[in-house]
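Here's a structure for you.
In order of appearance the chains are A, B, C, D, E and F, and numbering begins at 1 in each one.
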Amino acid sequence: MERRARRKRGPASAGLALIATTLLAGLSTSAFAAEEVAKIDTGDTAWMLVSTALVLLMTAPGLALFYGGLVRSQNVLGVIMQSFTCMAVLTLQWILFGYSLAFGESHGGWIGGLDFLGLAGVGQDPNPAYAATIPHLVFMAYQGMFAIITPALITGAFAERMTFKAFLVFTLLWSTFIYDPMAHWVWGVGGWMRELGALDFAGGTVVHISSGISALAAAMLIGKRLGHGHEQMPPHNLPFTVVGAALLWFGWFGFNAGSALAANGLAANAFVTTHVAAAAATCGWMAIEWLQRGKPTVLGAASGAVAGLVAITPGAGFVTPLAAVAIGVLGGIICYYGIRLKESFGVDDALDVVGVHCVGGIWGAIATGIFASKAVNSAGADGLLHGGPGLLLTQVAAVLATLVYCFAGAWLLLKVTDALVGLRAEEEEEYAGLDLSQHSERAYVLGSVAD
Amino acid sequence: MKKVEAIIKPFKLDEVKESLSSIGAQGLTVTEVKGFGRQKGHTELYRGAEYVVDFLPKVKLEIIVSDESVAKVVETIEKAARTGRIGDGKIFVLPVEEVVRIRTGERGSEAL
Amino acid sequence: MERRARRKRGPASAGLALIATTLLAGLSTSAFAAEEVAKIDTGDTAWMLVSTALVLLMTAPGLALFYGGLVRSQNVLGVIMQSFTCMAVLTLQWILFGYSLAFGESHGGWIGGLDFLGLAGVGQDPNPAYAATIPHLVFMAYQGMFAIITPALITGAFAERMTFKAFLVFTLLWSTFIYDPMAHWVWGVGGWMRELGALDFAGGTVVHISSGISALAAAMLIGKRLGHGHEQMPPHNLPFTVVGAALLWFGWFGFNAGSALAANGLAANAFVTTHVAAAAATCGWMAIEWLQRGKPTVLGAASGAVAGLVAITPGAGFVTPLAAVAIGVLGGIICYYGIRLKESFGVDDALDVVGVHCVGGIWGAIATGIFASKAVNSAGADGLLHGGPGLLLTQVAAVLATLVYCFAGAWLLLKVTDALVGLRAEEEEEYAGLDLSQHSERAYVLGSVAD
Amino acid sequence: MERRARRKRGPASAGLALIATTLLAGLSTSAFAAEEVAKIDTGDTAWMLVSTALVLLMTAPGLALFYGGLVRSQNVLGVIMQSFTCMAVLTLQWILFGYSLAFGESHGGWIGGLDFLGLAGVGQDPNPAYAATIPHLVFMAYQGMFAIITPALITGAFAERMTFKAFLVFTLLWSTFIYDPMAHWVWGVGGWMRELGALDFAGGTVVHISSGISALAAAMLIGKRLGHGHEQMPPHNLPFTVVGAALLWFGWFGFNAGSALAANGLAANAFVTTHVAAAAATCGWMAIEWLQRGKPTVLGAASGAVAGLVAITPGAGFVTPLAAVAIGVLGGIICYYGIRLKESFGVDDALDVVGVHCVGGIWGAIATGIFASKAVNSAGADGLLHGGPGLLLTQVAAVLATLVYCFAGAWLLLKVTDALVGLRAEEEEEYAGLDLSQHSERAYVLGSVAD
Amino acid sequence: MKKVEAIIKPFKLDEVKESLSSIGAQGLTVTEVKGFGRQKGHTELYRGAEYVVDFLPKVKLEIIVSDESVAKVVETIEKAARTGRIGDGKIFVLPVEEVVRIRTGERGSEAL
Amino acid sequence: MKKVEAIIKPFKLDEVKESLSSIGAQGLTVTEVKGFGRQKGHTELYRGAEYVVDFLPKVKLEIIVSDESVAKVVETIEKAARTGRIGDGKIFVLPVEEVVRIRTGERGSEAL
């Protein structure tokens, strides 16, 4: 959305990034054409290079540790491996054709063309259609990091039982047939959701709802872990999980504030709302847990932080810091209940991807429809509280479309994967753990027995 | 009194413990051990180097019982721990001469 | 101090950040008024966004791992939870009223007014009183990260025995009644220590001495851990501690070089002095330990690094890199002896907060009075070695005032907390560990026994 | 090399970083002299401050965790300590004289003079000979981080058996007599390899080949670990290793994209090629391992990532992203076979420094000679594929010279070290582990027995 | 000779070891175990799911002693390990037929 | 039947296991333990505080054998585990009254 915002504001308002231009405009009589303005701003570029790196950090070590700590010790490598593999495989997919499908010339608002295949035409100069002050390569790389983390999020749902081969096939299919089109719809020039006017600053629909609802399909189709319901499956390393959550929080500044695509006031706003929502949701989750269970837990605090970060993602550049408090606190509480849903559905969503990312993402999209304000971002819209009921409806429509497309699509792709290579590890493999059965490795050899 | 020692598969621990509880056993002690036996181990790969690992994770149960309960306890463990697959483990019975409950100083079968 | 420095230099010298302005000044006859100059510089903003994120990273995973590795395994989550909770709770405190108390319009130099309550008036435009080239929101967020880590530092003193509830109450009180005023005195426009002329570039008094001396009060009041003196209490995970120390070092670049509030030569100087002092102090601690104990230890090296970072904090933007060598080496040695003090006092300062932060902070403040040079920062002052004995006296005065106010204040607030909720966990809870007793969680489940 | 590039392009083309200048040049009649242009650009400075911090992060926690996870648990602290000590000791070496030897006024292309001794003349203003838009202090600090990580890489070869004292002596000697001259030859103004025209964007020869071949000398001279060949020595903590690899990947953006010394299009290109090569090499290693061993391993994936990062280092700013795919995939496969070499040689290169850094570095240098293109970087040269066979020969010459000098030099310095303090720990010390024998510490105390 | 096995609370280990040393015991072997008994466990909470944990950390001491020392050793452990609260643990005495010191090949009580 | 228990140095485990295999032993169970004995421990340093650690890492082997094999097994372990240096460990022999193979229900020496 921010991308559209920038384009719409046009050359004149892209100026914050180009102080000199603005100043000169008063001195010189000659007008500057848009093309001439499309010069690289070193400050914006510095910030976007950093943001790009930060979003990669979210996948590994961020998510890898967050998820890795939550599984049992015989599966920690298997889970980490899936995040790490996303970094490898999806980078190639992205530069070869994924980026083009998402950001190439639109075909009817549905899918990008093949103009950027193999990064053709993606060079050191800016592409003003998306970001006028940074090299096109940086915009491409930044977007590529989103394409990596989104499928990695899904892996939490089928943790501890899917074969590595199935994960690989499914992830490649999902990225190509779900993620790339979704990114086009929402962020591509001409994408239909973008045209509709839905606001999604940093990926509420594209990243969180899409992965969250696909996670539901995956958990349903692959079935419960052996022993689920009978055996206890406590997290094997909660310090890892908290470190992972903290790194996610840190990296999310790149994810959200980087979505301003510049080091400006809007980035500052997104930075602060992100931080505030994470903090507020941590408080919210802790409070409700304390009330209901008698104690606040460390895992609850970490989960709350992630829930808040998810919830603020679509609105980070459209709402005020105070609105972020509300979005965060409610996000924490809603997701606390969100992860209970699986009990009713009887689905073994091992690491609560649905409860946090799908539920939190939906709340975030709706909250954007409630709290968004043009005073924060003139390129945005006014939400319910600022007199604009229309936005809320648009947001709901975008959410529903995302839910339907992604659930159905993921279901289909999982069926295809199952037919091709089989989704689930053998019973013996599952007992031994994915580390040994899929990768012939053990995570820890701490004792003196060479076991 | 006797000491019954059982080496079992780790994922059977809960089931065995439940069964023992249900026949009235009030205490037992568990140790993580590594077993070497007929069940074969696995191979690990680290940068191309192959490591053959013979030792498998097992759990050792120790339970002190009165002479008359031995048969029952052994049978209970046997049943609960059995999967029928190699590596199910063993049960050993050893003689015990004295038992003391530290808290009270009770001796003999009262101390169990 | 840097904040004052910038203000004093006035609009003209804020120029480094605004190349265009400077250049234009020679061409155009019209003078630029201060208001017009208060434009956002993207490079400065990029650097300050990064610095803000880095200072957050210092609390978690930085400090969380540093402290978490040092406690026994049954308390690691309890310790990590306290750092993480500071990130959550103090963020809300800060945006709701803490920032206003610290940086609002001064009431007689003692406390800020309520003008910034709920971030009223804190927006995307710069606030030239504090930082003319970055959005006010960024300045606020950057300062907020300092407000988070400072109370988190104290938790090392009462580790392994304070209830979570008591920690929470005490931390909120301490932030409001100790940190916010201290920040105002030293950095607020009109703050009395600032007016006095004391130099504190990045928080020697506000952050380290204040937390260090409060830690002493806390350790005294809560008493020793059960078994202290009889049982051995070795760190349970030193790799975590070293990783934490390395992340603190990394994040401290944001803490110190970020305190230049711009990406300029001064930031470069602070960056280098920070790095050099950390290195020198590591060498200092290792050397003295090697001489005295026969071996250099890993924990010694990590502690030395932190000691050096603490020691350089007040002077980072006022001294030369070579002075930083001296400040660092001596800082390492002084803190090596500093942590022995507790043996004489009979206080169980579990993780040596006093020995490192209070002692190192005092040394840093005094060292600034010795080594500061106007050649490094014209807005600073000359220290003893550069012919200015006055500064040293001012520094000592600032240190003493900080020690008195914070010790007395912390003592009082701890008494209040004790009266309200009780400071200390039950004996049974302490034996079982804070992880289980306060949070019903275990950190590690590595074995196959579902213990 | 990039440094040369910038110099050659001269004042006019340094302009990207100075938009205002360029714009003004059209308005004003007065020409700007080079000195006047040497103003700090805040965006470039922001990026270089971040890059400097990122390269430090690579050593610890990056490399410390990567290596630390690979050794047995009784040696993890010993290995981490060596990385951490490099950060401390080599920082002092660098500011006192190392920087001057590397970047001081050239003496016949062989070594820098003593002009920068103790950072004399290294201040807040730029040094246009190396980087015209950032403070000289930043350039110095950035280069210093390379001087830290290079010797740290070598420690993997003699892991688990060298005494700490020997490590310290050897490292100081090696830095002074191998690293500093090598850096001068390749990057110093007037350095002979630079004059030769060899391309090394971010340190293929200086960092990777030099450390890799020195590692071979070290592993040969110190001999095999006790039990090597009989006992199994599996990595004790693979999650640490993967986290380390991910942090290396993250930090390498500073290492490679930072080598542009500006936040510009060239940095963007280096950023993307770095990311792509890491991803491609991970895929390459996983694929070959899957084919040959039946399973892809987590350690294989992590090793592949590092291999790709090594391989792209010399060419990052000279090749296209698609070339980076080729360099990466082949780099992964070549290094997979590279680590087998030690079996034939009978050398116990414990953590495969030779197979990854030496072999990968050589491949990278040659690949630069094949794929380099002036279309990417006009200050570079055209490689074999773009019609320039000359470059390939130059690259091979540079590689050979590096191999010979560093192997012979390292051999000599190891002999000296052995004579001075003895290289190897006692048999008893080695059995007990370096943690206890060298540092009197244990890494983990997880159980309740105070062992 | 006899083998005395004691299951005690972990934080009592040092005290027990000191007491045994002071009566001349020169060797013992310690294992970390999990105990299940009258002492009740605790509840853990992970994202709202409650796990009831019955197994408590305990330490097992094994010490081989000559027949005449058994009483003394048992008594010493009993005293040092007692807190008087539930879960203090148990002491078992088992017969031992032979002891060998590996280093020297000594057998019997000389090997202790 | 007898139970042979051996406390050995950890780095000797593989060698002992190989030797036992070579004389036909088909199963054994291994536990990580801490030993306290004549071999002295080490000192640790944490921020200047000295910790004296008496407990050394050892490995305990348990192997149930028929009466006629005891001597052979003990001898084999003795030879393979010996370094001749203090701390090599001990071997104990205890009587066993019954053995059960869980998988099949076999009893006695067939169950070994």
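Here is the rule we go by: contacts are C-beta pairs under 8 Å (C-beta built on N, C-alpha and C of every residue); 3 or more make two chains touch, one makes a residue touch a chain.
What you are looking at is a predicted structure, and each value in this text was computed from that prediction instead of being measured.
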item	value
Set of chains adjacent to chain B and to chain C	A, D, E, F
A-E against A-C, pair bridged by the larger set of C-beta contacts	A-C
Distance from the mean Cα position of chain E to that of chain D, given in whole angstrom	53
Distance from chain E to chain C - Cα centre to Cα centre, in angstrom	47
Contacts with 2+ other chains: residues of chain C	19-20, 24, 27, 41-44, 46-47, 50, 231-232, 234-235, 237, 293, 295, 297, 299, 439-442, 444, 446, 449-450
Multi-partner residues of chain E (at least 2 other chains)	11, 14, 30-32, 34, 44-46, 53, 55, 57, 94-95
Chain C - residues contacting chain D, complex	16-17, 19-20, 22-24, 27, 41-44, 46-47, 50, 54, 72-73, 231-232, 234-239, 242-243, 245-247, 249-250, 253, 257, 262-269, 271-272, 275-276, 278-280, 282-283, 286, 293, 295-299, 301-302, 304-305, 320-322, 325, 444, 446
Residues of chain A touching chain D in the complex	18-21, 24, 27-28, 39-47, 49-50, 52-53, 56-57, 60-61, 64-65, 68, 76-77, 80-81, 84-85, 87-89, 91-92, 95, 118-119, 123-125, 134-135, 137-138, 140-141, 144, 164, 237, 240, 435, 438-446, 450
Contact set on chain F toward chain D in their complex	11, 14, 34, 42-46, 53, 55-57
Chain E-facing residues of chain A, complex	232, 234-235, 289, 293, 295, 297, 299-300, 303, 336, 339-340, 352
Contact footprint of chain B on chain E as seen in their complex	2, 6-8, 31-38, 54-55, 58, 60, 74, 77-78, 81-95
